[in-house]
Amino acid sequence: MHVDKLKELLEEVRTGKKSVESALRDLEGLPFEKITDATVDHHRHLRQGFPEVILGEGKTEDQILAIVQSMVDKGEDVLITRLEDSKSGALRTAFPAMQYDPCSRTARLITRPIKKTGKGAIVIVTAGAADVPVAEEARVTAEVMGNKVETIFDVGSAGIHRLMKDTEKIRIASVLIVVAGMEGVLPSVVSALVDRPVIAVPTSTGYGVSFHGLAALLTMLNACAPGVLVVNINNGFGAAYMASLINQS
Amino acid sequence: MHVDKLKELLEEVRTGKKSVESALRDLEGLPFEKITDATVDHHRHLRQGFPEVILGEGKTEDQILAIVQSMVDKGEDVLITRLEDSKSGALRTAFPAMQYDPCSRTARLITRPIKKTGKGAIVIVTAGAADVPVAEEARVTAEVMGNKVETIFDVGSAGIHRLMKDTEKIRIASVLIVVAGMEGVLPSVVSALVDRPVIAVPTSTGYGVSFHGLAALLTMLNACAPGVLVVNINNGFGAAYMASLINQS
Amino acid sequence: MHVDKLKELLEEVRTGKKSVESALRDLEGLPFEKITDATVDHHRHLRQGFPEVILGEGKTEDQILAIVQSMVDKGEDVLITRLEDSKSGALRTAFPAMQYDPCSRTARLITRPIKKTGKGAIVIVTAGAADVPVAEEARVTAEVMGNKVETIFDVGSAGIHRLMKDTEKIRIASVLIVVAGMEGVLPSVVSALVDRPVIAVPTSTGYGVSFHGLAALLTMLNACAPGVLVVNINNGFGAAYMASLINQS
Amino acid sequence: MHVDKLKELLEEVRTGKKSVESALRDLEGLPFEKITDATVDHHRHLRQGFPEVILGEGKTEDQILAIVQSMVDKGEDVLITRLEDSKSGALRTAFPAMQYDPCSRTARLITRPIKKTGKGAIVIVTAGAADVPVAEEARVTAEVMGNKVETIFDVGSAGIHRLMKDTEKIRIASVLIVVAGMEGVLPSVVSALVDRPVIAVPTSTGYGVSFHGLAALLTMLNACAPGVLVVNINNGFGAAYMASLINQS
Amino acid sequence: MHVDKLKELLEEVRTGKKSVESALRDLEGLPFEKITDATVDHHRHLRQGFPEVILGEGKTEDQILAIVQSMVDKGEDVLITRLEDSKSGALRTAFPAMQYDPCSRTARLITRPIKKTGKGAIVIVTAGAADVPVAEEARVTAEVMGNKVETIFDVGSAGIHRLMKDTEKIRIASVLIVVAGMEGVLPSVVSALVDRPVIAVPTSTGYGVSFHGLAALLTMLNACAPGVLVVNINNGFGAAYMASLINQS
Amino acid sequence: MHVDKLKELLEEVRTGKKSVESALRDLEGLPFEKITDATVDHHRHLRQGFPEVILGEGKTEDQILAIVQSMVDKGEDVLITRLEDSKSGALRTAFPAMQYDPCSRTARLITRPIKKTGKGAIVIVTAGAADVPVAEEARVTAEVMGNKVETIFDVGSAGIHRLMKDTEKIRIASVLIVVAGMEGVLPSVVSALVDRPVIAVPTSTGYGVSFHGLAALLTMLNACAPGVLVVNINNGFGAAYMASLINQS
Amino acid sequence: MHVDKLKELLEEVRTGKKSVESALRDLEGLPFEKITDATVDHHRHLRQGFPEVILGEGKTEDQILAIVQSMVDKGEDVLITRLEDSKSGALRTAFPAMQYDPCSRTARLITRPIKKTGKGAIVIVTAGAADVPVAEEARVTAEVMGNKVETIFDVGSAGIHRLMKDTEKIRIASVLIVVAGMEGVLPSVVSALVDRPVIAVPTSTGYGVSFHGLAALLTMLNACAPGVLVVNINNGFGAAYMASLINQS
Amino acid sequence: MHVDKLKELLEEVRTGKKSVESALRDLEGLPFEKITDATVDHHRHLRQGFPEVILGEGKTEDQILAIVQSMVDKGEDVLITRLEDSKSGALRTAFPAMQYDPCSRTARLITRPIKKTGKGAIVIVTAGAADVPVAEEARVTAEVMGNKVETIFDVGSAGIHRLMKDTEKIRIASVLIVVAGMEGVLPSVVSALVDRPVIAVPTSTGYGVSFHGLAALLTMLNACAPGVLVVNINNGFGAAYMASLINQS
């Protein structure tokens, strides 16, 4: 809440237009409102339409059920990430409209139509077949947030030509998400080919000194090519959220 | 070089409009041209006007001198990062117009006027006074790339109110760079307050288990709040380059 | 055993008031008595009433049964921590009065009434739902040690307002236990809001570079805000024990 | 600012007792006031009397001079930690009353008398001679915060008897700070002897696999004995701050 | 594609010997052709005859089936590595000619005869019985690539005499692959005995501070004896591929 | 084989007392014979009587069966360590005299009587109940090697008095094995009490930053008290082997 | 020494053709002779002509002087690596013919002409200017060992075209050494372009999470492309030694 | 103090043979006396004759001077380890009889003759010239403790024959100290050759992934060969102390 708004509110209290109780309620959450909320109009759809996101990992099925029920009661759409198949049964029974996707381990309960917005497409590229689940988490998230998404999977570090054959897709990209495990070279390579922000997602694909994604993460953070930013290992959701922020700004 | 262009070039060879030698020269660098080069017109200024960037660290003074001379000969502007004061002497003698800034350890030799472009400002926030050199590297880079830059330094993790007093600056931000060492909490906190992409730069500020910036890096990568992307420790340049990509897209 | 007591004992031997055998028995454990035992009267209840604590992890069911039996035979109360559900069956059969709580993985066999003591309440705060089991271990421990406990769960790093709505609880806090995984920011944030000792408990909640709680631990150890002390990852018991020491001192 | 206070303020605005401008000023810093500020009376001296603490490390001499000058202008006392001798010259020239202690690397500029408060003494124990600088940082901090401090230095892990000869000092301890490097065993040993909270400070003393204090830190975090909490390596200041919170609560 | 070839192609376009469409197809994959392809004649067999290699790990059974089917359709031979037994069932049903070896976790579908080539034999040495699966992966790979392979298993670090009794085998070695876990000493020892390139393969055999092969890897990288090169932990395939390159060059 | 022996052998060849074939056989293993074999008479029993030791971990049941069979065929006694219960079935069926102990995970097939030798007893001390399996591996190994063994289990770091009550056992110790996980303090403490070599065995007991025994290992390596040597985590066998070397020297 | 040779020697002793003393001298070094020494004729030049290599690091100037003097006395050529400029003074004074190169930190004292041998050239590629010293160590070593060497420096990960312009050099490569720091991507990229063994040398170039070369090392070990082997960080010497083995085999 | 002695003391008090004051003095240090002190007669010389050992590292010159003075005043001999040359000046001035050795960084002030004791010699072996300082620290310590010491330096991992030529020295070894950096293989190799306890000392010799001795340490801890125990990196003193315990037991 900005100073102008606060001043206005106090004036309303002073002149009796607003009761103390009503002002109290307005002030209660004050420090936690986002500064830019009121000023960024084109974000409105995002803020209103975007479902709450529940991290399924670490929660019991009962906890998740309760959260979803409370959201549904308020008419909110729901996106659950990192939800193991084994935990999705009761949810699907309770909410038959919920779509569960075992590859991306996401569950969606979307009732309102999603309007596509943004400057261009979010293009998601993966190095290998084993990186696809993380990429799918990103795809689902980005689509639910109202972005056009294109995917170019299984490019490999030795198969850049597959990427180059898809120049039509890349031409409309406003931001790319590049998902890779093992040595994690692909984001560097893509960034050298494309003048767009590249969000690099290391995955836990690999063995030995891949250290469950740490080696890929280090490669990406050390990338000589500027224009590569990095998220946590396997964090397809976070990459898509950021890509959406960039695409829709 | 896209298929259409290639086809056109071959047609010109076929019809004799272009000699084989000339076509050879066009094809030589072919695989390394950026895919998006021809299609992203608003990037043109950036690509043309942006000085080459030299990483000063690890190079001898003689190596740097030679690179700068060759760039100056071609009429290019120059930006050097991570240049120790002790290595800047001969450069400044050879190129009196070069501006060296010991805080950010950058040297600039800019002869063309920089035109400000982009959707908004890049706002650079630091947690503490010790993080300022990294922030200054980001500021110099972002300005040289033609962005409006605002800085909010020394916010601390306990002094968020300083940030909130600067809402005017934040209102015009299209992207924020948040620089922090030690526990590296600030990007998370800022991201919770602002609906803009946040680029987090861990710094080597701290002692003990800060592990020269590793702890801050981990904090930033683990941030619950989506909308935080991370670059290498102390990589102010990389953060600014990415911020510029986002601001100018 | 302090010098005065030792002198007294020797005097009794010298004067024949105490036999050599009796003195031998008194001296036997001498180096291991706590220095402060005799002088800290308000600790008496704690020392007498507090059940022995058995770390269930790493022990076989038979080992635990034997220890509990021997304690029950001496009339002692029992608290077992880190006891897997699968190991609790025989215990519950053998000691029907034993209360097993699968969430906190604790088992209690308390026969004496627990008297609440201490300057105020121990307030336990968690960042997320997945941190609750660790917090519950702390809660059970603190209550068994005779403290009033308040809990504020699922505050999140983005939901500080939930904490601020519970100011009544915090007002009576003499010490806070803050439990968080992932980036582990919450203890810093709480410490900036409250002038009370904060005991930070990192949890293994998270994925990727959370490194099973290591990232949260580093964040907490690097906290700029003084007034944050740290225990081992997932060590709810240790946090509660320390909190009790502080609350009851 | 608690709800009651906020309500009262709004009532004053409503009734005209307070102008909108004055209310605005009151509200400005609102989210950052400490929740417990108004309710913990015995903390008043601490909050009022305690000098601001400046972390000298990572700041330039000019930055420190400016901060100190601004604090002195406001009549505040000053404590600087981690201040290298080489950076202290200009400070001592500018503020002749400033006391610089090269062992603890602290500088103090205290003009108001420090009133001793607290339930007992803070007892600071070190394992070896090389741990003394960290212990001295703790001592200076604790004294400046108004605590009675006792020190038992150079106890070693093999020389517990030195500790036991100092039972008089320990008898009045309300909290102990135990400083140790290398294998970091001392806090465990002390905690087994004393029923008081023990704050363990690992130091970077040692070589080889001491890893600059990491081994000691791990030992302390893994301590079987509950009642040991840990701060960052070499963080004498943080330990003393926490000890003061406990001693004065 | 080298400049000469490119020039020739353009000449053919210019003179009408080649259509633009045909030239386009030739140029399409241009940047990705191997530089040395056309010039290294003795590699031809290798390039043509060597089956594609599929990394089974991280792929679903369906993904693998699809890849194999597409290769079989093109008449290619197939080698799959890191294929769990549990994933091999459907493959064996679909392709009855496929040979699955549970020890090396490889599956082969080779229809063309393999011609042995190379200067000598590839000799594979293991330290212990637990290292055999990795060595077998190397053996299968090397044989499929057309090399003569000799194995000397279970040499141990204390049983060099077994190696020395096999001097006949070693006499014909053109390159050795030495597979060892735990302290990983064997490659150093072998390299001191033999004037041939030694490819060291650390394995995850061991416990405690073997850190799943990391200790062996470090030993091998630190080997005083030059002539030892290292691949990733358990990477028998990579070692054999490299050995084949050396043997057949 | 020492120069004198070699000379003698050559003399015998020269004089015809020894055939070339017989000399060849003597020389064959030459570089691998232990230098001290011939000179350390009191070791003879050990060398002759000690069963071969098989590391069960990493070997298949079939591999182990084959090794045992070959040893039994030669009349050798057998000791297997790190043998999972699930792998012991076929062994016990094939060799009914084999004793399998699930706690220490050892299997023994000893047919010759073991003669106790050595200067004194090997005393094995454990910190906690969870360390017992490692201690038992040490006990079995030491007994099989012909040593008198005493055990003092579950001493804890807070219960040194149990150790002191067993002074009779310690009085006859020629070497101690101290087994501890978590913070691994016990070897330091024991070493400070006893003027005997202490072999420290870190165990993987613990959680969080115990890092599966790494923290205990570091503590032991950093021990201020000299007279503590360290083996790999959980390596009860290695500790006992070394203790036997010392006891029997 | 092989069995045949040994038999022959014993026969000579038996028949008196060889004295016992002479046989003793032959047998003395027996276990340490290289197995392949006698059988690999084309290695002779290498073994005879290659200077002994002294690792300068960690030795005092006096130690190095003594070793060099003893080698010169025996008429051997000398190569010293990792020799700091500050330690080279006395050497150059004592041996005026010694060539010291500060970039590669090598010193050579070669009196015999070096004959070039091998199947082709060793091509050394570096990613950046800061990697040149390591590459130069490799170049000096490879040349001294009698190999033709070509260098392609400063290729960068974004400037592969420089490599492709040098196809003439690559065409004659029998093995490549690729030197890179930071993210260490170059070896993967080169290996994808060239069907030759690639020896990857990580360098300590970089900052932050490059961890002094560790990140580059991990990238190289994780390389998806087979045909990449790795040496220790900055180990230009080891890479060249191995490359020479391959080139001359 | 054992129970018998304690009983006797109490009897003396009871019968008046000993005054309470005198008994108090006897009892004061009671818990810290070594259990085995009274019973291990052949240790007497060691305990009485062995100088106190001061760790010079981390202490100021003044601190060391004070400790030495106090020891000299009591007539004790002095051994200082890890004493930098730069700190030894004042010591040598104050105590002209003090012998400072810059290689081992030890200083000795021994006035009583050292009587050689022990079963045999302590043989100290080093891998390289750079390991000598650590070996010398061990030699000085072992000699001061009254052991016969033999050294075999610069054996290398490739030069075992130097060790085998010194069989006379090894024949009298009761224990060996093997000092090695880089890959740390030597202790394993020696242990395979010698049936004596081997104490392995990793050194910080090496570069890159030697990680300042960590790689060597891991190698030694993972040694397949039993009979190898390990001390901290560069801890020559600790190795010698333990070797002396073994040699003199």
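All chains are identified by letter, namely A, B, C, D, E, F, G and H, in their written order; residue positions are counted from 1 within each chain.
As a working rule, a contact is a pair of C-beta atoms (placed from the backbone, for glycine too) under 8 Å apart; a residue touches a chain by one contact, two chains touch by 3 or more.
These numbers come from a predicted model, not from an experiment.
**Q** Which contact partners do chain A and chain F have in common?
**A** The common neighbours are C, D, E, G.
**Q** Look at both sides of the chain F and chain H contact and report whether the same residue positions are involved, with over half shared, or different ones.
**A** Answer same: the two copies use largely identical residue numbers here.
**Q** Distance between chain E and chain H based on Cα centroids, please, to the nearest Å.
**A** 50
**Q** Rounded to a whole Å, what is the gap between the Cα centroids of chain B and chain D?
**A** Computed value for the inter-centroid distance: 39 Å.
**Q** Could you work out how far the Cα centre of chain C sits from that of chain E, in whole Å?
**A** Taking the average C-alpha coordinate of chain C and of chain E, the gap between them is 55 Å.
**Q** Which residue numbers or ranges of chain B touch two or more of the other chains?
**A** Correct list: 3, 31-32, 128, 158, 164, 192, 208-210, 214, 217, 221-222, 232.
**Q** Which pairs of chains touch one another in this structure?
**A** A-B, A-C, A-D, A-E, A-G, B-C, B-D, B-E, B-G, C-D, C-F, C-H, D-F, D-H, E-F, E-G, E-H, F-G, F-H, G-H
**Q** Residue numbers of chain A touching chain G in their complex, please.
**A** It comes out as residues 127-128, 156-158, 182-185, 188-189, 192, 206, 208-211, 214-216, 218-225.
**Q** Touching chain D in the complex: which residues of chain B?
**A** For this pair, the touching residues of chain B are 128-130, 158-161, 164-165, 181, 205, 207-210.
**Q** For a test of understanding, state which residues of chain F touch chain G in their complex under the given definition.
**A** It comes out as residues 3, 6-7, 10-11, 13-14, 16, 20, 23-24, 27-28, 30-32.
**Q** Across the complex, what residues on chain G touch chain E?
**A** Touch residues, chain G against chain E: 2-3, 34-37, 39-40, 43, 47, 53, 119, 164, 167, 170-171, 173-175, 192-197, 199, 217, 221-222, 226-232, 237-238, 241-242, 245-246, 249.
**Q** Under the stated contact criterion, what part of chain D meets chain B in this complex?
**A** Residue positions touching the partner: 28-29, 31-32, 55, 57-59, 63, 82, 202, 204, 213-214, 217, 232-235.
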